[in-house]
Amino acid sequence: MIDLSCDYNVGCAPELMAALAAANGTQHATYGFDACSARAKEKIRAAVGNADADVFFLVGGTQTNATVLAAILRPWEGVISAASGHIAVHESGAVEATGHKVLTLEADEFGRLAPGTLRAYLRSFYADPTYTHMAQPGAVYLSHPTELGGLYTAAMLREIRALCDEYGLRLFLDGARLAYALASPETDVDLPLLGGLCDVFYIGGTKCGALCGEAVVFREKQPHFFPAHKQRGALLAKGFLLGVQFDALFTDDLYLRLGKRGAESAAALREGLRALGVPFSPESASNQQFPVLTAEQLEKLREKISFEIWQSYPDGSALVRLCTSWRTTADDVAAVLEALK
Amino acid sequence: MIDLSCDYNVGCAPELMAALAAANGTQHATYGFDACSARAKEKIRAAVGNADADVFFLVGGTQTNATVLAAILRPWEGVISAASGHIAVHESGAVEATGHKVLTLEADEFGRLAPGTLRAYLRSFYADPTYTHMAQPGAVYLSHPTELGGLYTAAMLREIRALCDEYGLRLFLDGARLAYALASPETDVDLPLLGGLCDVFYIGGTKCGALCGEAVVFREKQPHFFPAHKQRGALLAKGFLLGVQFDALFTDDLYLRLGKRGAESAAALREGLRALGVPFSPESASNQQFPVLTAEQLEKLREKISFEIWQSYPDGSALVRLCTSWRTTADDVAAVLEALK
Amino acid sequence: MIDLSCDYNVGCAPELMAALAAANGTQHATYGFDACSARAKEKIRAAVGNADADVFFLVGGTQTNATVLAAILRPWEGVISAASGHIAVHESGAVEATGHKVLTLEADEFGRLAPGTLRAYLRSFYADPTYTHMAQPGAVYLSHPTELGGLYTAAMLREIRALCDEYGLRLFLDGARLAYALASPETDVDLPLLGGLCDVFYIGGTKCGALCGEAVVFREKQPHFFPAHKQRGALLAKGFLLGVQFDALFTDDLYLRLGKRGAESAAALREGLRALGVPFSPESASNQQFPVLTAEQLEKLREKISFEIWQSYPDGSALVRLCTSWRTTADDVAAVLEALK
Amino acid sequence: MIDLSCDYNVGCAPELMAALAAANGTQHATYGFDACSARAKEKIRAAVGNADADVFFLVGGTQTNATVLAAILRPWEGVISAASGHIAVHESGAVEATGHKVLTLEADEFGRLAPGTLRAYLRSFYADPTYTHMAQPGAVYLSHPTELGGLYTAAMLREIRALCDEYGLRLFLDGARLAYALASPETDVDLPLLGGLCDVFYIGGTKCGALCGEAVVFREKQPHFFPAHKQRGALLAKGFLLGVQFDALFTDDLYLRLGKRGAESAAALREGLRALGVPFSPESASNQQFPVLTAEQLEKLREKISFEIWQSYPDGSALVRLCTSWRTTADDVAAVLEALK
């Protein structure tokens, strides 16, 4: 059975397990002050091209989103997000639980918050004479890739950054699946660009080859994020557990190599499905593919691979998600395409 | 200048000012334990037809909405509201500031949350396999009248109540302008119905003839709402200030009589405008009327009355709000209609 | 029966009731944008001696404390308070409900936070190697008078301000009973001093002659306090209700004159009790007096005046609170002293 | 260098690392619905002797404390804790950040909340006529062992449980170092007792041999804790990471065996130090020992072992913490004692 159901249902890349095993016998400083974490942070600063970047390792995505937003928003502010954004839908109200409204805007077909949509909202918000009676926009939340595997272009991100500057908003980018975005054959977005544009973003580990862990990168020093993330239960006593993993991920470009496997197998899958005349909704450029399969195709696939039904239609067809990862091989892709022939 | 701009820009009904002045020299028990408050609560229990109802006097609408919802929701729950609901738009994120998501559904043309919309949402929510990753629906928020002056029918409220029972939701009704709803010539909703159907609702004072104050009516005894509303800064040290007012409002049906003035003048206004061929959007049955006026009509009106532009159109016409209140007279209405002829 | 039980159990000073009645017939801008509020703010700025001060009118004390602290604290910060401070004891956890810890320090015998205590705490806090694992001190909360009627001296306030500057703390002073402090025969603290030293403080109305209302004075412009206090339910739709009262209070020094009545009658009471050999605990300099009365004295007093027992002792004696106010007369004081002879 | 500085500065027990490595290649259900987690929960239910217990795996201690308390407290409630309790001091205000006050009581010399102290507080709380103006007690927080290594007796826990029943409080026990408590030669508290007395407690993994992870055990089914802990960022996408570890910990009594190593080496250390005439403050019965060492003894120790200074005294002596763990050997203890001779 080939697994295309999800990118967080196996452990970690063998390199990380080896590093964890190697680090297991020895003593480490606690709460992230260990040498592995220091090394990992240094490597991430280099990869981002910002020697001043402040890096923290948190455990998971929802925790990171809520903790970062709670730290950068002022009490009367909300965060702007695509209506389909993870914080708006699938985090059980975690952002609201910290006291902040998620201000949702219609996403484009790729799940992205289009700069034009953002601009129109901001203009109309401040044009409304009652705007001081509303939750004030304080930050913009993007995910890259989006929930639908969509990728922002560098131009879109620059335009959003310009709007943030114009309206006094902080820019936060959720990179839970960032490896697959960075490694997409179709992207012009890289780590230094994100490090330069975002006030804060995170480099996802959990879905990109780690056991757990997300590396939060602030553009500027954060004198208070230590108690801020301790307060949200996001500070690991054994922080070296995360440092060891990110140290390995940022050694010899492992992070990008893992991302490449997921992104390239997704691209091959897309090309193959397209050749078979399969439509997409949408046709994304990262590791999540959303083809619409006929009843017959679904039946064929079910025997060979595990995947998720996104939406079922009355005629038996369905929009499905085929999710590749750092573990997906060329053989897996070939087998899927073969099954559909 | 006739004032149809809003229903909270003058003081209180003369009866209330007289009562306040009369009560001013004497000593009262504090924090709502005074005799006036006790009397007012007794009268409200009688009006609602529920001897077990627990009544509290709070100061204003946003405070009441946030305080009540924070008390009845569990941490992981959100509150369902029409997308145009006051808590969703115009309370600066007050509900979110207490940790709860506002779950917005499309309203009908009158700003109401249609039972069918609610049912469809609840069914689809629990049919979604990821529903435990979302904020859980915990309560339904209605306002009666709605932001657009719309009124629920008794049948709609009963259907919503049945859905609440089916799905374990509490029902909360915001009655900031309740007097104008109860006194509408077109309603079949009265206080005993609300007292029977709602877990909690409030009888608005601020917009219905009081200086300030909202009477929160719980269907059942609330052993903990005292510290709960103290904690939100919603407990007035001089609670008798509210007790005196509600005592007056519920003496000799003053509350309904004040409502009637607003509702009847609105009905007369509507009839007159309709006779002049003026369209509405929507045509509401309470004290807020939303006619669409031509540029010429707007110009005529501006000299005689103050009102709010809701939306301007390119051709110079506009959707306006004409808001009557307990102070609006038949002469006012006649003058408006005369001006438009 | 002479009432020395409390300073918030009657309505407002006649001047305020007259002003409210006079303002009752006319139309006012809403949400605090009315002319009365503007006038009141201007007068308060003049009284404080700071043309840049930003003034807001809120309704009650707990609301004001929680709303202001939530606006000036960052999420990871707590507020330092005397352990006997109102926010630490009698606000049902209102500050914590906004997400912030109240960091309590031992008060001196007058309920004051002594500068030396504050300095020792701050030094030891930052000397503790685990300090980043604790709630960070973000503000200092004082009340003047304190819960025990104690008054800070100008020197103490200056020393506390210097500590705030040294440690990056904001200084917030709760002036619920400020009139009685400002009018104390023994104080060297006046409004300009408070306006110069405090980042924010409030001039209490509720306990000093108003029906309700507290005037919050920020040393600097607050571009975001409008949505911040709307969000906490602390923005009154009919803000003119508060503006009218503070306009009257700051006309012809009414606020100080009302304070003087309470403070002078308390001073006379104290002197008289002292002459009778009655001990105090503590001997405060504002409108709350805390004498320890024998069983016999208690019996005598009970027939003539209402007051609160603070603590009962096994021998039948008790520490009581005699609370004067703007309504207390020289005759009242004479009657109390006469009763005890 | 022998490490007695802390019990969370190395990875996990070899058995757990082996289990993690073995589980690494295979696919697991996500969000804790995997077979390992199911197995681990079953074993924990058996160990606790409660087939109805509801078990959840969270990541760390502060996260667990805040998440559980936020789920079991009502908004107006606080949690009672020893003043030296971890939630009161070293969690950066995490509980307050969820809106709840920590109500601190004086601990006994072992850091325990004595039943008598609790009873006296509850009696005096409800005897205070202003109690409804305070944060209401909603739960009791204990840690076992305490911050000072102290252990509750079964009798104390039963007495506290009885008080909880009498006053409507939930009982929550923090077992971050539970293994060392359960394995103490001096305890009469075991898992079934905790499972029967506590509404909820947790079995600490991080400090007791796991890489990370705490097993939260509720006495009754919790239909809503899934969204509740998702909302606090405490739900791990790869929940099997925790399931695998707790499955190993609860196989062949590994958890107790690991605890025994820490507890027995601590007991041997204590006995040896006592024989050398070293005083303790306090003399605890679990894996943390708090001897007071002379300047000379400190110097000798520093060459051989790493440990933490708890408090330094002017004469050069110091109260230190010697913290054993599942890794401490009899040889380690012998070396420490030898060094001090």
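Chains here go by letter, A, B, C and D, matching the order in which they are written, and residues are numbered from 1 within each.
Simple rule for what comes next: a residue touches a chain if its C-beta (ideal position, glycine included) is under 8 Å from a C-beta of that chain, and two chains touch if they have at least 3 such contacts.
Fair warning: this is a prediction, and the values are worked out from it, not measured in the lab.
> Can you name the chains that touch subunit A as well as subunit D?
A chain counts here if it touches both subunit A and subunit D, which gives B, C.
> Considering B-C alongside B-D, which chain pair is linked by more C-beta pairs in contact?
B-C
> Could you give the separation in Å between the centres of subunit C and subunit D, each centre being the mean of its C-alpha atoms?
Computed value for the inter-centroid distance: 42 Å.
> Taking the mean of the CA coordinates per chain, how far is subunit B from subunit D in Å?
Here subunit B and subunit D have centroids separated by 50 Å.
> Return the distance between the CA-based centres of subunit B and subunit C, expressed in whole Å.
34
> Which positions in subunit B touch two or more other chains at once?
Within subunit B, the residues that touch at least two other chains are 75-76, 91-93, 97-99, 132-136, 227-228, 230-231.
> Touching subunit A in the complex: which residues of subunit D?
3, 6, 8-12, 14, 17, 20-21, 23-30, 59-67, 91-94, 97-98, 206-207, 211-212, 227-228, 230-238, 241
> Spell out the part of subunit D that touches subunit B in their complex, as residue ranges.
70-71, 74-76, 98-99, 132-136, 224, 226-228, 230-231
> Spell out the residues on subunit D that touch subunit C in their complex, using ranges where they run on.
75-76, 78, 89-93, 96-102, 130, 132-136
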